[in-house]
Amino acid sequence: MQGMMIARAGELLENGTVTRVLGWQTGEFVYDITPAVFESAEELEKGFVYNSFCGNNLSKYLIQASRKEGKILVFLKPCDTYSFNQLIKEHRIVRENVYIIGIPCDGKTDGEFLKAKGVKGILGIREEGDNFVVDTLYGEKTIAREDALPERCRNCKSKKHMVYDELMGEEGEVLDSHRFDMVEKLEAMTPDERFAFWRSQLSRCIRCNACRNVCPACSCEKCVFDNPQSGIAQKAAADSFEENMFHIIRAFHVAGRCTDCGECSRVCPQNIPLHLLNRKFIKDIDTFYGEYQAGEDTESRAPLTNYTQEDVEPSIVYTRGGNN
Amino acid sequence: MPNEVKAFKPKIVAFCCNWCSYAGADLAGTNRLNYPADVKIIRVPCSCRVNPMFILRAFQRGADGVILCGCHPGDCHYTTGNYYARRRMTLLFSMLDYLGIEKERTRVEWVSAAEGAKFAATMNDFVETVTRLGENKRLEDLRCKE
Amino acid sequence: MSDRLKEQVLRTSGVNVLKCMRCGKCSATCPSYDEMEYHPHQFVYMVEKGEIEKLMASPSIYKCLSCFACIERCPRDVEPAKLVEAIRLMVIRQQGQNHLKPGQIPEMLDEELPQQAIVTAFRKYAK
Amino acid sequence: MQRIGVFVCWCGSNIAGTVDVKAVSEALSHEPGVVYSINYQYMCSEAGQNLVKDAIRDYNLTGVVICSCSPRMHENTFRKAAASAGLNPYMVEIANIREQCSWIHKDMPTATEKAIILGRAAIAKVHLNAPLMAGESPVIKRALVIGGGIAGIQTALDIADAGFEVDIVEKEPTIGGKMTQLDKTFPTLDCAACILTPKMVDCAQHEKINIFSFSEVEKVKGFVGNFHVTIKKKARFVDETKCTGCGECTAKCPVKGVPNEFNLGMDNRRAIYIPFAQAVPKVATIDPNYCNMLKNGKCGLCAKVCGAGAIDYKQQDQFVEREYGAIVVATGFNPIKLDQFDEFGYSQSKDVITSLEFERLTNAAGPTSGTLLRPSDGKHPHTIVFVQCVGSRDTSGCGKTYCSRICCMYTAKHAMLTREKYPDTDVYVFYIDVRSPGKNYDEFYRRAVEQYGVHYIKGMVGKVAPRADGKLMVQASDLIAGEQLHIEADLVVLATAIEPDKTARPLATMLTASMDTNDFFTEAHAKLRPVESPTAGIFLSGACQGPKDIPDTVSQAGAAAAKVIGLLAKDKLTTNPCVAESNELMCNGCSSCEKVCPYGAITYLDKEFRMPDRTTMVRRVASVNPAVCQGCGACTVACPSGAMDLKGFSNSQIMAEVDAICQMK
């Protein structure tokens, strides 16, 4: 795959379709993937990688990149295309300046994740059928795909690209995922249990802002939490309330706009399942206002900028059954 | 004399839209309808002006309950404001509940300018509910203090 | 005394006599009107004034057929028939003022006695 | 740091009775930024206002906090006072310690504590206030009157006479409304048609008045001074400009059995019809539910006989877009349905009728040509029972809780006229209370009793039972005699409660004008602004605001017209400066705010920004049109970055209030 991608990118640079390529490169370690811009075939040969560690969603980088001179080539996995569409809807990306190659994805693993599974000294990775074969200092290790995938990939919502100019490989389908299972499990708990769960999770937050910085929906020119005029600016936690407020407000700000790409949970150094907050909003929106998938298209009105006269009343929160 | 346990007086912030609910609150006053002094009203132009940040901020600063009052759906002075407020608050309250915060601490009530009695009754009921719940600790304690 | 009685009537009936606007539709609709000494609208007014004993002593309370036409037609939801019923109950409950005491019950029990009878006995019957 | 003055009002004993005003002004004097704090008996009085003005000058105040009654009451008073002393009026904040404090609390320490907290919140807000300047918007010098009854007609005439253009939109084929159906009018017994039809003709002939008959308001956009209204002209299948109203078509139309709504279904009309002889405009209308040509294409007789060639079977609904500076609502009333009152036998006997039906039965243009005859057998009734308060003052849920206000007087009129024309009839009126507070009204009612011998009986009818021989058995109570009456009547007339027209509710939604629970339009102030809706530019005329008789309707119609004229006479309106504002540096251009704006006040422009690396970048940013923005604030919450804020109610101001209120433990 990587070879095909480099070849095609080289062609497009060569024939002048694009002037730059947005892709991935390795960092200090092979599993330490960072987004990168390549401007020539040589640079691509030298640095461009695409492997099972390339989970990074590149859409957000196009906000800046698409505003520069010339057209940029970007490789988007199916779930990244949702973010791309959502950003198009919000007029954040200049569509004419982007050339999208849709690439298939069977789920991306993660270095930290593998290490936690006991795979140490990682040197490389390849996919063989339903397994990942990891090349390590201590020889090759084979690990079943199911075991090596993070939650967001195990519950992949779609293998279908929502937008592309050109497709590599086979187009997939929108899947029937079980992504709301954990939300439902939490909803079924008593309030005390839920409180205990979230307290154990949110207590670990160190306010590093990684979740915000990686999120394609959290792409404000200036975040309210960084803006002294907003009245709620905070750099470090002044009191124990602030992280709670940060996460609730962040989830609220992306409600109806979050495509559930799962980047927030991927980058959280404390492994807080932040996607469960976003998914709660997605699930509520689906139940209260009808199925809505952000990023599916570029025209529809987002649920929070829309209404019907027959909407449920907020009191539904008190009256719906179970422990909800 | 043993120290008497001081009765818990909740702190309640009520956001009222200027056109209906604030007028409803005024009417409650004009008709001398009693409700506890624990309720303090903040005037906003429309229920849609109320940012979830304000509600969380109130809780952060020690409020025990927050209530938002606006015109009845369909009667918004600005046509559609309360429809948006309704969606926002439904989702916000649902989220607070999901985090294990007592859902009775937040409420939305539609009070028209003619419903002074409803305003007073709503406030009495809300204060009673929040008093029963006691001091608001959970939102603050969501993160362990140490 | 009459205040306590009035209070009791209002409580058992659940009626708010102050809602009456004195239109007389209850009496206009009452099929037993001609049989009664006090008419439905008078029940409402007399309860308001606290003249319960007069009503309790009047045969009118037994002339009411409990057809509830007055309740059905009242434009103010006052429900005069409930007042009549409440006053009837007061009369029944007062009779003799010597209801059974709990201590007297065990010796009277037998296998066949329905439980409801015992409860009723507390309320109504003299020894 | 602001220099703030605090002024605590006693409002006589209204505030000072429960709030220790001295303690409040003392406590607030220690708040940061407060340089002057005083309490006074009546802050709104001239002396009180002078205290504010003097303090602003003497202490160089940059902010003023008035602890007094509701800002809805006197905010403007104090803003004006501040302005006259050279302080920007938007530097004044009101702490509502009357309606929301002293009047609801009985305990002085509690109320005083709360008043101090409310004062602190206002001070906290003033610290963040900034001077605001009101903008201007032009006024379109034309008014729209919705409803062409006597209320709408009078309002339109008064506005037009002042020289402004007026459009009347009437949903029926003719203007005139309910009054056209009446026979005589109390208390002077003029013939309704004689006093109404000249006004209808005036409307039609007035060069400033334009009548959209058989039309409805479809959509309303805009705001005071600049309303954009879409009017639907329903297809009447007759070209209004050609029809001469000769009546040839209505005479020849073969479809005869259509219930005539003008006579409340008591006789029939044709499928093509002119509602009544004096209709304005006098133009025929085809009823598509009955016309054979429109139903199955077979007939076309009316087109053949029409000399003017006005018949147009292909006519479609037309939509007209018009602009107005002011809108007057005059949608009127209707009698309620009597389904819930079967005890009166309305559905069982034709001889139990409503008062409006009685009007038609006594009207010379009615189904009986003015002779009072029983609808069932056409015989003269000899005993007539009038029942008042049918469905009015009813809290049981079957009827309306309010007094319909007109029934006492028209019933007296009916009873009187009946006795005058037919002295051999026995007329009974059953009443709960007789309400006759208008000028010459009580005298009128007494005349019915004393001069005309109408039997007024205090009590209500409980049951009306039609007997096989056609008599109506009326069972009623006579509360004063203490007996139950049984009357054999020939005719029973029900003084049916009235309710707002069904079109009022959807109209109110379009106009964003508020309504009460009975669907009557709410006035801006029950006593002081009775003909204005709280929504600027919307005015109320007639029974749409509450039950009203003709004299009251006409006075209110004139009052509404005066208000409209006052508005249209201005060339420009000052706009509310508390509008949204977008901070371009923070705006993402995501369009969330634009989506929730009900006024379309937000547009986007591409703007060049300098980046930290000295390059430039073009970004899409929101821009608010302050003349169009009404300041609801929906956009401020839709905006995730907080770039959109509302002047006068900014995020930081509201949060400062929250902080001040929550501060006290």
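Residue numbering begins at 1 within each chain, and the chains themselves are lettered A, B, C and D in the order written.
One rule holds for everything that comes next: contacts are C-beta pairs under 8 Å (C-beta built on N, C-alpha and C of every residue); 3 or more make two chains touch, one makes a residue touch a chain.
These numbers come from a predicted model, not from an experiment.
Novice: Name whichever of A-D and A-B has more C-beta pairs touching across its two chains.
Specialist: Of A-B and A-D, it is A-B that has more C-beta pairs in contact.
Novice: Which chain has its C-alpha centroid at the greatest distance from the C-alpha centroid of chain D?
Specialist: Looking at centroid distances, A is the chain farthest away.
Novice: Need the CA-centroid distance for the pair chain A / chain B, whole Å please.
Specialist: 36
Novice: What is the distance, in whole Å, between the centres of chain A and chain D, each centre taken as the mean of its C-alpha atoms?
Specialist: 53
Novice: Find the geometric centre of each of chain C and chain D from their Cα atoms only, then give the gap between the two centres in Å, rounded to an integer.
Specialist: Distance between chain centres: 47 Å.
Novice: I'd like to verify one number: the distance from the centre of chain B to the centre of chain D, where each centre is the average of its C-alpha atoms, in whole angstrom.
Specialist: The answer is 30 Å.
Novice: Check each residue of chain B and list the ones that touch at least two other chains.
Specialist: Where chain B meets two or more other chains at a single residue, that happens at 52-53, 57, 74, 80, 84, 88.
Novice: Residue numbers in chain C touching 2 or more other chains?
Specialist: Answer for chain C, listing residues that touch two or more other chains: there are none.
Novice: What positions in chain D touch 2 or more of the other chains?
Specialist: 596, 638, 651, 655
Novice: Touch graph across the chains, line, ring, star, complete or other?
Specialist: Looks like something else, not a line, ring, star or complete graph.
Novice: Check the chains against each other and report every pair that touches.
Specialist: Per the contact definition above, the touching pairs are A-B, A-D, B-D, C-D.
Novice: Can you check the complex and tell me which residues of chain D touch chain B?
Specialist: Chain D reaches chain B through residues 70-72, 96, 98-101, 103-107, 110-111, 113-114, 117-118, 121, 508-509, 512, 514-517, 522, 534-535, 578, 596, 598, 630-634, 636-638, 646, 649, 651, 654-655, 657-659, 661-665.
Novice: Per the contact definition, I'd like the list of chain D residues that touch chain A in the complex.
Specialist: Residues of chain D touching chain A: 585-592, 595-596, 604, 617-620, 638, 640-643, 651-652, 655-656.
Novice: Show me the residue ranges of chain A that touch chain D in the complex, using the header's touch definition.
Specialist: 67, 90-92, 219-224, 227, 229-232, 253-254, 257, 301-302, 304-306
Novice: Once bound in the complex, which stretches of chain B touch chain D?
Specialist: So the residues of chain B in touch with chain D come to 11, 13, 18-20, 22-23, 25-30, 32-35, 37, 40-46, 48-54, 57-58, 61-63, 71, 74-81, 84, 88, 112-114, 120.
Novice: Using the touch definition up top, name the residues of chain A that touch chain B in the complex.
Specialist: Interface residues on the chain A side: 186-187, 191-199, 202-203, 205, 224, 231-232, 239-245, 248-249, 251-252, 255, 277, 280-281, 284-285, 288-289, 303-309, 311-318, 324.
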